[in-house]
Amino acid sequence: MLSAQTVAEHASQDNCWIIIHGQVYDITSFIPEHPGGSKIILKYAGKDATEAYEPIHPPNTIKDNLTPDKHLGPVDPSTVTKVVKVLSEAEKQRQVLLENRPPLDEILNLHDFEAVAKVVLPPTAWAYYSSASDDEITIRENRAAFQRVWFRPRILVNVSTIDYSSTILGQRSSLPVYISATALGKLGHPDGELNLTRAAGKHGVIQMIPTLASCSFDEIVDAAQPNQPLFLQLYVNRDREITKTIRVKALFITVDAPQLGRREKDMRMKFVGSDGTAKVQDGMSGVKKDEGVARAISSFIDPSLCWDDIPWFQTITNMAIILKGVSTPEDAILALESGCQGIVLSNHGGRQLDTSRSGLENLIDIVAALKTRGPWPNPKFSVFVDGGVRRGSDVLKALALGATAVGVGRGFLYAFCSYGEAGVEKAFKILGDELEMNMRLLGARNLKEIKPEMVDASGLRSHAGLTPTDNLYQSTYQPLRLAEFKGSKM
Amino acid sequence: MLSAQTVAEHASQDNCWIIIHGQVYDITSFIPEHPGGSKIILKYAGKDATEAYEPIHPPNTIKDNLTPDKHLGPVDPSTVTKVVKVLSEAEKQRQVLLENRPPLDEILNLHDFEAVAKVVLPPTAWAYYSSASDDEITIRENRAAFQRVWFRPRILVNVSTIDYSSTILGQRSSLPVYISATALGKLGHPDGELNLTRAAGKHGVIQMIPTLASCSFDEIVDAAQPNQPLFLQLYVNRDREITKTIRVKALFITVDAPQLGRREKDMRMKFVGSDGTAKVQDGMSGVKKDEGVARAISSFIDPSLCWDDIPWFQTITNMAIILKGVSTPEDAILALESGCQGIVLSNHGGRQLDTSRSGLENLIDIVAALKTRGPWPNPKFSVFVDGGVRRGSDVLKALALGATAVGVGRGFLYAFCSYGEAGVEKAFKILGDELEMNMRLLGARNLKEIKPEMVDASGLRSHAGLTPTDNLYQSTYQPLRLAEFKGSKM
Amino acid sequence: MLSAQTVAEHASQDNCWIIIHGQVYDITSFIPEHPGGSKIILKYAGKDATEAYEPIHPPNTIKDNLTPDKHLGPVDPSTVTKVVKVLSEAEKQRQVLLENRPPLDEILNLHDFEAVAKVVLPPTAWAYYSSASDDEITIRENRAAFQRVWFRPRILVNVSTIDYSSTILGQRSSLPVYISATALGKLGHPDGELNLTRAAGKHGVIQMIPTLASCSFDEIVDAAQPNQPLFLQLYVNRDREITKTIRVKALFITVDAPQLGRREKDMRMKFVGSDGTAKVQDGMSGVKKDEGVARAISSFIDPSLCWDDIPWFQTITNMAIILKGVSTPEDAILALESGCQGIVLSNHGGRQLDTSRSGLENLIDIVAALKTRGPWPNPKFSVFVDGGVRRGSDVLKALALGATAVGVGRGFLYAFCSYGEAGVEKAFKILGDELEMNMRLLGARNLKEIKPEMVDASGLRSHAGLTPTDNLYQSTYQPLRLAEFKGSKM
Amino acid sequence: MLSAQTVAEHASQDNCWIIIHGQVYDITSFIPEHPGGSKIILKYAGKDATEAYEPIHPPNTIKDNLTPDKHLGPVDPSTVTKVVKVLSEAEKQRQVLLENRPPLDEILNLHDFEAVAKVVLPPTAWAYYSSASDDEITIRENRAAFQRVWFRPRILVNVSTIDYSSTILGQRSSLPVYISATALGKLGHPDGELNLTRAAGKHGVIQMIPTLASCSFDEIVDAAQPNQPLFLQLYVNRDREITKTIRVKALFITVDAPQLGRREKDMRMKFVGSDGTAKVQDGMSGVKKDEGVARAISSFIDPSLCWDDIPWFQTITNMAIILKGVSTPEDAILALESGCQGIVLSNHGGRQLDTSRSGLENLIDIVAALKTRGPWPNPKFSVFVDGGVRRGSDVLKALALGATAVGVGRGFLYAFCSYGEAGVEKAFKILGDELEMNMRLLGARNLKEIKPEMVDASGLRSHAGLTPTDNLYQSTYQPLRLAEFKGSKM
C-alpha cells in the first residue's frame, strides 16, 4: 500500500499522481488529454481528488481512460490527513438557504422545484443543469409551444372516476409520463439518480437511466424494486460497446448529439472565481480549454453513428430500440422502416441545435406522416415527446396531438436537487393531481378519451417573434393611471 | 342553555365543541373531514368561531354537515366574554387605506374598482377573488381576447337617442349585461351579495344568485324589490336536491366544474403567516391539506353530472335551464337538442381548465354551428358570454359577434368590495355611459343595430404568443434617446 | 362703467358676476349649466376670470351662451387691482425646464417635440392634448400600424432631384401633408393656432382651422398671407349655422364625433390638486360633473347629423366638402355617391371610439372598394389619412397605399407648444428632409413615382396581441449574460 | 519649410491654416464647405489638427478637396511644440475599463465583442458604428429575422468530418462568410482596417475593403499576404473615377446609398459636451450643421448613379461586378440581365432606409424569382446576404435559403475594436466552431448538404408587431409567485 506522503511527492505536471476513492493513479500522460483541461487536474496533483472528481465523472471514468499499468494500487488510509474544507461565504449562505427552503407542503407545482433548486444548488450545478445551447431560444420555445395550444373542453361527461395510468412500451406506468435521462445527478444531491429510482419504484413510474449517470448502472439496479421496469439512454461511443442490460426494457439511442452543444451559461462558470490573472490577449493560444462541465464529459461520443448502424444494434439486443432526438417526418418514417419500436421527438432539452423547433410542434407533422404508413395509433411504434413539460395540462396536450407518453427530465431533477427522494414523490403526486383535475375538466375519463379535437393547435406554428418597436414613441407615451388614494401614490 | 364555560371544557381534538351564531356544536367526529383541514378548526376548539366561520361558509353549512345529535343547542350569551381582537399592523394599515380610498367620483372605469379592491381587501379575500387556475393563462386571455377584436364604426347615423336596454330570458334589463355569480361575498363586504341585489333592484339589472353565496337565498330574496327578476347558479351536488326557487326566472347549471380548479394564488395564502414550524420534508404525510378557500368549499360538487341528467332537471322545474360553461360547438348543439334554453360561453373566469380558450373566441365557432340548425338569432335559445369584460365596448363586441347578453362577475364584485351598494350603482352607470357613447360612435341606436360587420374579429384566433428573444442581442442594443434638457437627464 | 367693487359684491351662487376681457357678465342662471361644472366657476365669482377662461374657451363662448341682458357692460379698468399670482413650486420648476429646453438645433425628429412638450406644458394642457379615449388602444395602434408596413426599395434610379410637393384639393402644397385641426391651442402657447398659420404661410403648407380654436377665425385669417389657402374643420352643432368662410378652400365635416369620447387621462386631471374634501361615497349625487377639458367644450355637438344633411351643406356652400372620420368601405362609397369631394380616414387621433382600427389599415380596404367605382386615383375624390404620423417614411407609406395626402395634428401642435412658430417651421423642415431622403432611398423622384409595390403591407392586419405568458416560468428562467469585466458587473 | 509660429498667425475664420501630417494647408475658402461644419474646424485654426483629423477622414481627403495652391508645403517639425493632451475623467475611466476588459479566452460569441466594444470605445466611435437610421427598426429586424427561421435537423448522418470551406466569386474561403466593408476603422483601433487584412490573410478569409477606410488602399494591400484575395466596396462619386484596383477580385458597387441615412444616435453625439451656449430658438438659421460623423463624410456620393451606368463600369474593368444593396426581385432580375456577377441583399446594416425588410426575408422572394430565369444555383450569379449575423447558425439559415455566402460587418469590426487583430482571429474561430457544431447537429457534412428543407422559414414574414395592451388591466393584474423561503422574499 502506498502512503499519502509518497503520493504527495508526485505533484508536478511531469510526474503526477492522484488519489480517487482510495486508489492511486499515475495520470501524467493523461493530463494533456483531460477533456476538462489540465489546469483543473493539476490543482489535485499528489492529493486526494475524490470529492471534486465524483459528481462530474460517471463511474469508472478514470479506470476506463487509463491503461492498467497506471493503476498503482490502494493508498494507506491511515496516512491520509483529512483536508478541512473552508467554506466560502457564498457557500455558507447557500447552506442557510438550503436549511430554510420552503416546506414540501408549500410546493404547489413543478416550477416551485425549479425556483428552489436555482437557489440551493451550487452555482456550477445550476449552470450545468439549467443551461442550453447558444442563445437558448429553443429551451424557451419548448415551454412556449405548450402555451400556444389551447383546450376545447367537453362538458357533462360523468367524470367521477379518472384513470390516467398508461402502458409504455409494454410496461405499466402509473402516469403517462416517464423520467427522462439527465446527466450527473450527484452534482445536485449526494444520492444522485438513486432518488429517482427509489421514488419511481414506489410509485410505478419508469425511469430512463442516463449514460452519464453519476451512479453506476449496478447501483441503480440495486436501488430498484424487484420488478421495476427501467429504460436506458445510450450515447453511442466509438467502441459500440453496450453494457449488459439485464432488466432494461428499452434502449433509447441518442441521435441528436453527435457533438455536444455549446452551453454558454455553463461555460461562463469556468471564469467565475478564476484568479483574474489570465492575460487579455490569451485567447488564441490553446484549443482545448475549460469549456464547462458539459464538454468535459463528451469526448467519447461517436459522431459517425448513422442509419447503417441500426441493424447491428438489432442483432445484439432484443430490447425495444427507440431513437431519441427525432425532429422531422422524414426521419420518423426512416425509423419506422428500419424496424425501430419508437422515437422521441426531442431537441435534448434545448441543449443541442439552437432554434430547433419544439418536439410538440414537430409532433403534428410527424403524426400526419406516420398516418400515411398504416393504422394509427400504431401499437408497434411509439411516439414520445419531451421538453418544456411543467404541468399535467402539457402532458394532455401532447397526448391529444398523438404522443404515446411524455418525458420529463429537469422537472424531476430539480425535485430531487431540492428535496431528495421525497421531492420526486411530490412531483409525481402533483402531476397526478393535475392530470386528474384537467382530465375531469376536459371531459376525458381515461387516456383513450383524450382526442385531437380537444385541443386547438392552430397557433402552434405562429412563432412570430417580436417586431422591433419604436423606442422614441414608447418613451413619450405616458401610460394610463388608475384612481389614486389620498395622500399617496398607490 | 349551555354556558360558555361548559363549551370551553371541550377544547381538544378528541372532544371538540364550538359556538357558531350562538349555537353549540360537537364537531369532534367532523374534524378529520373538514375540507379546510383540521388545523384551522382546532384554533377555535371550545370557543366562539362565528367571525372566522361566517364569510367563508355558505349559510347552513354546519347544520347540513352534522347530524342533529351533534347540535347541542344555544349558548347562554351572558356567559360569553367578548374577545377583544388585536389588530395586526397590516390590518391597521389596511383600515387606513380603506379610509383614504378615492372618492367614488374619481372612479372612471371598472379597472378602478379592481385597483381599489386590491388594496383594501384582506389579503385572503383578494387572493380568493382574484385567483385563477394553474398558470392563469386563461384569465388573462379572457381579457386579451376583447382587444383582438377591432371596431369598424359607421358614420352619419342620427344617434340622438340611444337605447341599450335589453330583454334577457324574457325579463327586461336596463343593460345587455347581467350580474354573474361569484361566491362568498362577505369575504369582501359585510353585506355580501345583498349589495348586488339592492343595486340591481334599483337599476333594473338581473342578478344571478351564486350557489356559494355568503348570504342565504332567503336573505337575498328579502332584499329584492317586489318584481325584481333573479337567476340562480347551480352547482349540482350528489343529492341532486334543488332549493325551492320561487321567484327565480332561470337556472344556470354549472357544467365546467366537476371538480374545482387549482387556484395557486389562493392556495399560497395558506402559508402566509403560518408559524414556520412545518418541517421541510413534511409534504407526503397527509393528503387533504389546507388548499385555500376555493377547495375548502368544493367537496360537495358532483362529478358524475352528465347529459343524461338534463331530462330530470326538466321534469322538476319549469324554469329556463341554461348550461353555464360551454366551450365547443359540439356541446352547444347538444344543449340545443336537449331542449335547454341557452348556454353561457364561459371558462369560469379562468378558474377551471387553464389554457382554455376565451368565451369570446368560442362564440364565433358556436354561432356558426347554431346557424346551421335553424333561424338565427334563435328566440328560444340564448347564447351568453362571460369573462374579462371591463368596458362597454367589450359588451358591444360580444353582441356584434352574436351574444344575447354578457355576464360580468368580478367587475361588480370589486365594486361592492370597494364601495358597497353605491359602488355597484356606479358600475352600472359607468357601463351605461360607455355603452351609450360607444353605440353612438359605432352608429348603432339600439342593440338590434349592432351588426357582425361592425367588428373585425380576424385577429381573435391569433394568440401567437411570444417567441423567446435573443437576450444577448437585447443586452447590447442601446435604445434611442430623445433630445436632452440642459443640465439634466430627462 | 361698472367698478370692480360693484362686481365684487356679486360673488355668491345666487348672485354671480364675473369679468372676462374687461366686460362684466351676470352668470347666475348659467352656473348650473356650465359644462365644466359649477365649482370651477364659483372660484371666480365677483372677480376677473379672464386668465382662466381664455385658453379653454373658443372665442365668444360666453357671449353666445348668455342672453344680451346678462351682458352688463365694461368694467372700469382703473378700479381693477392686479392680482399678484403666486406660482406653485411645480409651476416654478416648469418655468425652469422651459428655460432649459434643448436648443431647436438639437431637435432631430417629431418625437423630440413631443418629449419637450410633455415636460414644458402645464399638466392640464398635456393631459388634454395627449389623452385619447378609454384604454388608449387606438391611439397607440395608429402609430404601431405604420411600423407593420415595410419598404421594398428600388435601386439605381437617378435620384439627383427630388420633388415632394403636392396639390391638395386644388391647392399647391410644399409637402404631401396638411396641418390637421387640433383644439384649444392657447392651452399650450399664448399665440395658439396663429403659430401654425404664420409658419404655414411662410412655407406653403395648408392649415385646417379647428372649430374649437382658441383664436377666432378672424384672427387666423388676419395672420395668414394674402393668398394662403386654409381649410376648415367643422363640428356641426344643433343650429346648423356655418360661419361665413371667405378664403376657406374646403370644409372638413367631422363625422366621427356625435359625442366626444371619454378621455380618462384628461378627466383624472380634475382630481389632481383638489382639496381632498370630497366624500368617498359621493359619486351618485350629480350627473354633470367635472369631466376634463374635452367634455367641458363639447355640449354643442349635434348627434343627429346624418347622411340626409349632406345635400343641405351642398346647397349652402361651393367649398369642397370632405367627411373627416370615415372608417369603412361602405361609408366611403356613400361619401362618393353623395357627391363629397373626399374623405379623411381618421379615428380622431384615437380620441373617439377606442379599439377602432387605424386609418392606415382601413385605407387598404377603402381604396380597393373605390377602385370598383371608377378610375383610380380619382381626381375628383381625395382620400386623406391621419393619425400616428411621426416620420416622412410614414407619409410615404400612406401615399404608396393610395392616400392623396396625410394630416398631421399633434406633431405640429407639440412643435409650437415647445418652440412657437419656429418649432412649426422646424417640423416642416424635418418632414421635408425625411421625405427627400426616404424618396431617394426608395427610388422615387416625385410623389407619382411612389407605387403600391414599394411597400409590403401584408403584416398590417396582424395585430395579434400578446398571449399571456407563463409568469412562473419567466421567474425561474435566468437570462444569459455577456462576458464580464474584471472587478465589476458590467 | 514653414514654422509652427507662422502657421499660428493664420488662426482666424478669414485666414485659416492648419497642419495635417506635417503639411500646412490654407483652408480659409474651404471652411464654409466643410461637411462637418465650420465650428469644429476652427478649433484647430493655426494648429496641428492631425490627431482629430485622422480617424474620421479617409486618406487624402484634404488633398482631394483643396486645389494645389492651397497646399503650402511642410512644417518644420522642430518648431512644433507637442500638445500635452489632458484626459477627461470619462476618458480616464474608459482607459481603466479597456485595461480590465475580459480576457479573450472568456469571449464566447460575437455578442461578447459588441458588449466589450460598447464599453471601451470612445462614445463618438460607438455612436458612429452602432447607429442606424431613423427609428432603428430595420437594424433590429435584421437580427430578429434570423430568429424567425427554425431548424429541421436530420439525424443519423455520419458527421465525423465537417467541411465548411467555400468558394466565393472563384476565390477559396475558409468560411462561407466574408468581411463586409465598414467605414473609418481607426475610430476604434489605431491600426484600423489593417487588423482585418492581417487576420484575414492568416485564416483564408476574404475582406471587402471599404471606400471610406481610415487606411489607404496601399496600406491595406501592403498588409495583405502575397496571394490574399480582396474585394472592394465602391461608393460611386460624381467623377466616376475608379481607383486602380490591382489585386482586387470583385467590385461591390453600393446601390442603396444615393444619400446617407439620418443616423440620429450619431447626430446626438454632436450635442454632447457642447458648451450649452446655443440659443433655444437657433434652429432655422443655417442649413448645413454638424450632423454626426456619417453625414460629414458623405458629400461626395453621386445620387444620379443608375442602371445606365452599369455598361460603363463593365467597359473599364474585368473584375466581377456585384451590386450591394438589392432588396427586390425586380432589381435582382435587372442585375442578372445587365450582366452583373452577383448581388448583395442588404439594407446597409439598417443605416439607410428604415423599415426596409431584412436581406434574409428578401432572399426568399429573390431566389424564387431567379429560379424562373435559369438553373439554380447559378454558378455565374452569386447572391450574398448581410445584416444581423451573430451566430454560425445564422449563416447556415441564409445558405439553406439560397445564399452563396454571408457578409459580416459589425461583428468583425467590434472584434478588432476590442482586441485588435487577435480579436478578429478569435471571431473567425468562434464562427468556425459554431458552423462545425451546427452542421453536425443539422446532419450536413459540407455546405452542399445544407438544404432548404432543413429550415422552417414560414414565420419569417410574420413581423406582426405589438398590439398596444391594456395598461390599466396590466396594472391591476398581480403576477403569480413561487414558493417562498422562510424569513425572506426570494
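Side notes on the structure shown:
First chain written, first letter: the chains are A, B, C and D, and each begins at residue 1.
Convention: a contact is a pair of C-beta atoms (placed from the backbone, for glycine too) under 8 Å apart; a residue touches a chain by one contact, two chains touch by 3 or more.
According to UniProt, the chain labels map to these proteins: A, B, C, D = L-lactate dehydrogenase (cytochrome).
Owing to the predicted nature of the structure, the values given are computational and were not obtained by experimental measurement.
Per the C-alpha superposition, chain B sits rotated 90 degrees relative to chain C, a value rounded to a multiple of 5. Two copies of one sequence, chain A and chain B, touch each other mainly through non-matching residues, since under half of the numbers at the interface are common to both.
Our note on geometry: chain A versus chain B, Cα centroid distance of 41 Å, whole angstroms. Averaged Cα coordinates give chain A a centre that lies 59 Å from the centre of chain C.
For chain B, residues that reach two or more other chains under the stated contact definition are 101-102, 106-109, 111, 115, 135-137, 140, 144, 147-148, 264, 268, 271, 459, 462-467, 469-473, 475-476, 480-484, 486-487. By the touch criterion given at the top, residues 109, 111, 114-115, 118, 130, 135-136, 140, 143-144, 147-148, 264-265, 268, 271, 276, 390, 459, 462, 464, 467, 469-470, 472-473, 475-478, 480-481, 483-484, 486-487 of chain A touch chain C in their complex. If you check the complex, the residues on chain A that touch chain B are 101-109, 135-137, 139-141, 144, 147-160, 391, 393, 419-420, 422, 425-426, 429, 433-434, 436-438, 440-442, 456, 458-459, 462-466, 471-472, 475-476, 482-488, 490. Those residues of chain A that touch chain D in the shared complex are 97, 100-102, 106-108, 111-112, 115-116, 119, 134-135, 137, 255-259, 261-262, 264, 267-268, 271, 278-284, 289, 303-307, 309-310, 323, 325-328, 330-331, 334, 352-357, 461-473, 479-482.
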